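Pasting the structures here.
In what comes next, subunit A is part of two complexes: it sits with subunit B in the first one and with subunit C in the second one.
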Partner chain A sequence: MQNTEILLIKEKSKKRFCIKRLVGKGKPYIFIGPLSLLLFTFYVIPIFLSIYFSFTDYNIIKKPEFIGVSNYSDLLLDKTFKASLRNTFLFTLGVVPAQTIFSLVMASWLVSRGKSRLTEFVKGAMFIPVISSMVLVSIVWRILLNGEGSPLNLILNVLNITQPNWLGDSSIVLFVLMGITVWKNTGYFMILYIAGLMEIPKNYTEAAKVDGAGRWNVFYYITLPLLKPTTIMVVFLGMVWSLQTFDLIYTLTGGGPGNSSMTLVLHIYNNAFKNLNAGYAMTVANILLLFSSIAAIVQKSFLKKEKSEVY
Partner chain B sequence: MKKQLGRLVLILIASFMIIPFLYMFMTSLRVTYTAYNFKFVLDDLTLKNYREIFYNTSFIIYFLNSLFISLSGVLLTVVFSSMAGYAFAKLEFRGREKIFFFMLMTLIIPSQVTLLPLYVIMRHLGWLNTYMALILPLPTAVGVFIMRQSILKVPRDLMDAARIDGCSEFRIFMEVVLPLIKPAIIALSIFTFIGAWNEFLWPLIATTSNSMRTLTVGMASMNAQYSVNYGLVMAGATMTFLPSFIFYILLQKQFEEGVALSGLKG
Partner chain C sequence: MKKILALILSVILLTAVTSTETMAFWGKKEKKEKLVVWLPPIGENDKVVWEPIMKEYEEANNVEVELEIIPWENYSEKYAAGIASGQGPDIGYMYAEMFPQFIEMGAVEDLTPYLTKEDYDKYIYIKHGEMMGGMYGLGIEAANPAVIYYNKDILASIGEDVPVTWEDFIRCSVKATQDIDKDGKKDQWGFSQGWGAPYFGDLNWNWYGFLWQAGGDIFNDDLKTVKFNDKAGVKTAEFLKDLKFKYDVLPPYYMAQTNKEMLQTTFGPGKSLFSIYLSSAAGEILDKSFPDLNYGIILSLEEEGKGTFASVDQLVLMSGAKDKQLAFGLIEHMLSTESMTKFHKHHPRAPIAKGEPYQGDPRLQKMIETEEGVYRPLVVGPHGVEIYEYLWKQLQMMMAGEKTAKESLDEAAEYSNRLLAK
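For the complex of A and B:
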């Protein structure tokens, strides 16, 4: 009798424990559920759709028709694709080193001068292009470059230089666009570098100075290696952003003149919404995904190597 | 002397960053644009351009759309990210590390790659030209990363104390954890707002009706439509710039912390 009672109580408590544990177990999934659902619907499913549609003839309205790899073989014949690939690479190759070096120089300069009204002002000024939208930046620069009374052309006038056709000359247009991009992004990366510089313990650099190392040597042998994780991040983000360039080109040049400023994402857009060939557009998008994934894998392996070296 | 030269160079660089925006503002205050006239004559100043964009174009609709979408995006991102961040930082469950890793993996997917499939999905759901299509895709995994990092720093003792007092997991989250991670929440809010406010490609393809367009898209078409009316375009640009700028001036420090937080993801 007593035994059964005890057993019953035990059974009951076990049950209650189980229910509580079940609820407790479910709770974390309630916490992560909403975000997981959104990310799954808007990132994971699209990737599979993009891969699927790239093997079809599809224009968004009609039913997709399976055509094998012919979209991919079309890539090889597509001159505009080749131009967009070339421009995107050139763009990345020009922008990333420039903005990395410029932001590193500015960050170390500002940090070495210490906090003052001037350095705070410069920091704030560098960040203003960062917070404004690329569309706005494009519009302002269009008028700066083309407007007859713009400060830029006034300076050129004073120096007696004929104003080049900034956006209409196919030999310089890509460089102009690179310049605007560097001008816009540097402030962001500078803040990253400043955060990285602040984390370097003062006694490292001071010890080196005591040992008689010059400022340049301290920077080259101590600061720069310690900033490596930040640099990896800056280069990676810079690459990914450059690969995705769209707003600037769409607003300023539309890819022209000719195809001289055509980029991958603009090519995707044109194919999907102008040529009504969404299947092919997604094929180009998959190539872009491939490049970003390679960049991410390279970044990860660099970071891993970095960690194993430091710790 | 050397120091003076350094100061001068720094001021030059800062001016190079600011002058385009000053030029934008100054141009927006002038109506007749005379060539080679860079003089800033006070008598010429007028608010006519601003009156015109608010009365004659759909500008006010674009502005309100952008504002509504950005604010909703902030709310959605902050709520969902902090919930998920809390689970990843403080709760034990099966597959925690794996799910977190997969979430971060979505960060390497360029949004330009997912845009077309997303367009197809939204079309099937009948959500094109609705706020749903413009708001729901806004949260990214950056938020959950930032939230997890800062919630990890919340001492477990505090939460255990609350648990002993009989607080439910949800109340612990609301009343103990959230107030302690306020700086991270502010940083995430700012970034989500600016990101949503400046977003261009997705609103461009997801909206076709004028009443659903956002400021960036509206600005781009205004730029094409009134390409020679510099004053009018610049007035629109100034209004687009202002909210982010005010945000930045008020919260400069949080901005910089936010960059450091979101940038240094592993």
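For the complex of A and C:
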């Protein structure tokens, strides 16, 4: 009798142990479950839906009608798509290096100056555009740039400099938009660089200085390599933001004059909500997704490599 | 056991709190039916003007009316998003370019079964609601044509009369384009016309009127192809392009500003002889902001004929409306002689319904009443938004000097015909 009881107790504790082990193993999944569900619902499913709708004639309200690869073949005839693709790449190529270099220079200068009224003011002033609404920013820039009576043109007039047609000249409008974007984003990336610079142990730079390294050498051989992970993040974040640029251009130029400032996201928006051609809009969106994915994969591989090199 | 009990109790409590009956119990007010109305801003403080009119209908029909003023900037997009998400209005306001898409997707109700014989006699612009095989709207905003404004003082200073033909217009514009302060730079312009609008709305004054004056049109009669790249279209485009590149009578920032901005920054301050925009801008912009400006109005120039754009925007009954009869009743109430008389007292416009007194701009009354055939709305053709948007971009390229008139129009026509053939 006693033996049987002992056996039963042993069996019970074994079972409990098994459940505990199972619960223990499943615990991480319980924690990540809700977030995974959200990610799956709002990120993964829309991607598959977008791929599905790109093979249909779909106008948001009516039932989608399967049309094969017709939307993709239409891309080849779509001159606006070609212009938007070209502009998006030009925009990215212009904005990313400029904002990266500018934010790095500003961050290095601020860190080297230490804490003072001036640096605090500069930091604040640089960060104001980041927290300002893009629509508001666009309206302000439109007032600043538009027409003979605009403040910027009045200054140029006083200096007797020919006033460019900032938003109306198709050869310069994209560069103007790049400039505004760099001005808007630099503050954010500057903060990232400041954080990166603060993380660099001082003894590295001090040791280099003891060895006779000048300011430039310290920056080039010590600071810059140690900032690689931050730079990779700044570059790829900037790249994805540039590929997705929309609100500034939508408010300021609408992609014009002509298609000179048309971007992929604006073209997607116009097709989906103005032309009510959501199937085609998703086709263009898939092309954008492809580019963004390539950027993300490259970034990930760079980060992996950097981690093993730096740390 | 305790845990299971707690779980069951929680579920019961949650169900009890969120059940519809309970919700109804807590908010046990008498549930009124609600009608949602979306309108664009027709004038200033529209909501304040509409509120007493809506209140009359609310009290008479025990219904709640929710009015939302949607800004013009992304007007049609808001409709698309609203309808797609089931959050659209019961009563909407649409302009010609919007109709084809929304009719094709079945979002707008055909009003034919709701209309009586008296209605056809009552509403002045009712024939403009007939489109695509049905009656899809009742005019609410009409007879506000695009007009050419001219500065009387500048015209007198160059010794010219009010222009009648394109030739007169060019001659006056060239004479008026001058360096007044003699600093070596031109500071007075012939025609302050803006080509910088981000979207196609400025075609209304920059293109349609001139095209009609040249004898052209947008669509062929069967609405299956476009005709704006024919001889008349090319003549119109060349006339517009020449104003910049041959006669140089447009201000240098013509590609950056809209026509409304041009009116405010250039014509209003007396820096140009001509400008072109809606006739309502006379009272709403020029008289208010530039009271000393001595200006006159030309309804249309004459080339092969006369013509200018005047929209007939409509109130529409949305297919998603739960109680369509009730919603249509509100449309009729809003457009009634009494309601429109009240509305136009605040926003002066020509009458919409018979029996309404003329409360519009007195300077325009004679023009509107005697030259009815001159101003007209667009023909509602398929793929309107896409076609007009593409055409606008092409004309912008032409005005920027990147393309010839023929190249721009041919490309827009090729795109349009491809769409129409689908």
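Brief remarks follow.
One rule holds in what follows: the second predicted complex is superposed on the first by the 266 of 311 C-alpha atoms of A that agree within 3 Å, B and C clash if a C-alpha of one lies under 4 Å from a C-alpha of the other, contacts with A are read in each partner's own complex, and residues count from 1 in each chain.
To be clear about the criterion, a contact is a pair of C-beta atoms (placed from the backbone, for glycine too) under 8 Å apart; a residue touches a chain by one contact, two chains touch by 3 or more.
Given the structure is predicted, the values throughout are model-derived calculations rather than measurements.
Look at A:Ile60: by the touch rule set out above, it reaches both subunit B and subunit C.
Of the two partner chains placed by superposition, only subunit B is touched by A:Phe121; subunit C is not. With both structures placed on the common chain, the touch criterion links A:Thr253 to subunit C but leaves subunit B unconnected.
Of the two partner chains placed by superposition, only subunit B is touched by A:Leu35; subunit C is not.
Looking at the shared chain after the overlay, A:Phe273 reaches both subunit B and subunit C.
Using the contact criterion defined above for the overlaid structures, shared-chain residue A:Leu93 touches neither subunit B nor subunit C, since it reaches no partner. Once the two complexes are overlaid on the shared chain, A:Val105 sits clear of subunit B and of subunit C alike. Note on subunit A: of its two partners subunit C and subunit B, the one contacting more of its residues is B.
Applying the stated contact rule after C-alpha superposition, one finds that A:Leu224 touches neither subunit B nor subunit C.
Overlaid on A, the two complexes show subunit B and subunit C touching the same residues of subunit A, namely 60, 147-149, 250, 273. Of all residues in subunit B, only 6-7, 10-11, 13-21, 23-24, 27, 33-38, 79-81, 83-84, 86-88, 91-93, 96, 99, 103, 106, 108-121, 123, 136-137, 139-141, 143-144, 169, 173, 194, 197-198, 200-201, 205, 216, 219-220, 223, 230, 233-234, 237, 240-241, 244-245, 247-248, 252, 255-256, 259-260, 263-266 touch subunit A in the complex they form. The touching residues of subunit C, when paired with subunit A in their complex, are 74, 76-77, 80-81, 83-84, 101, 104-107, 195-199, 251-257, 261, 265-266, 383, 385-386, 389-390, 393-394, 396-397, 399-400, 402, 411, 415, 418.
Interface residues of subunit A facing subunit C in the complex, by the touch rule stated above, are 59-62, 77, 79-80, 145-149, 163, 165-170, 250, 252-260, 270, 273-277.
Residues 24-25, 27-29, 31-32, 34-36, 38-39, 41-47, 49-50, 53, 60, 106, 109, 113, 118-119, 121-129, 131-144, 147-151, 154, 157, 183, 187-188, 191-192, 194-195, 229-230, 233, 237, 240, 243-244, 246-247, 250-251, 265, 268-269, 272-273, 278, 281-282, 285-286, 288-289, 292-293, 295-296, 303 of subunit A touch subunit B in their complex.
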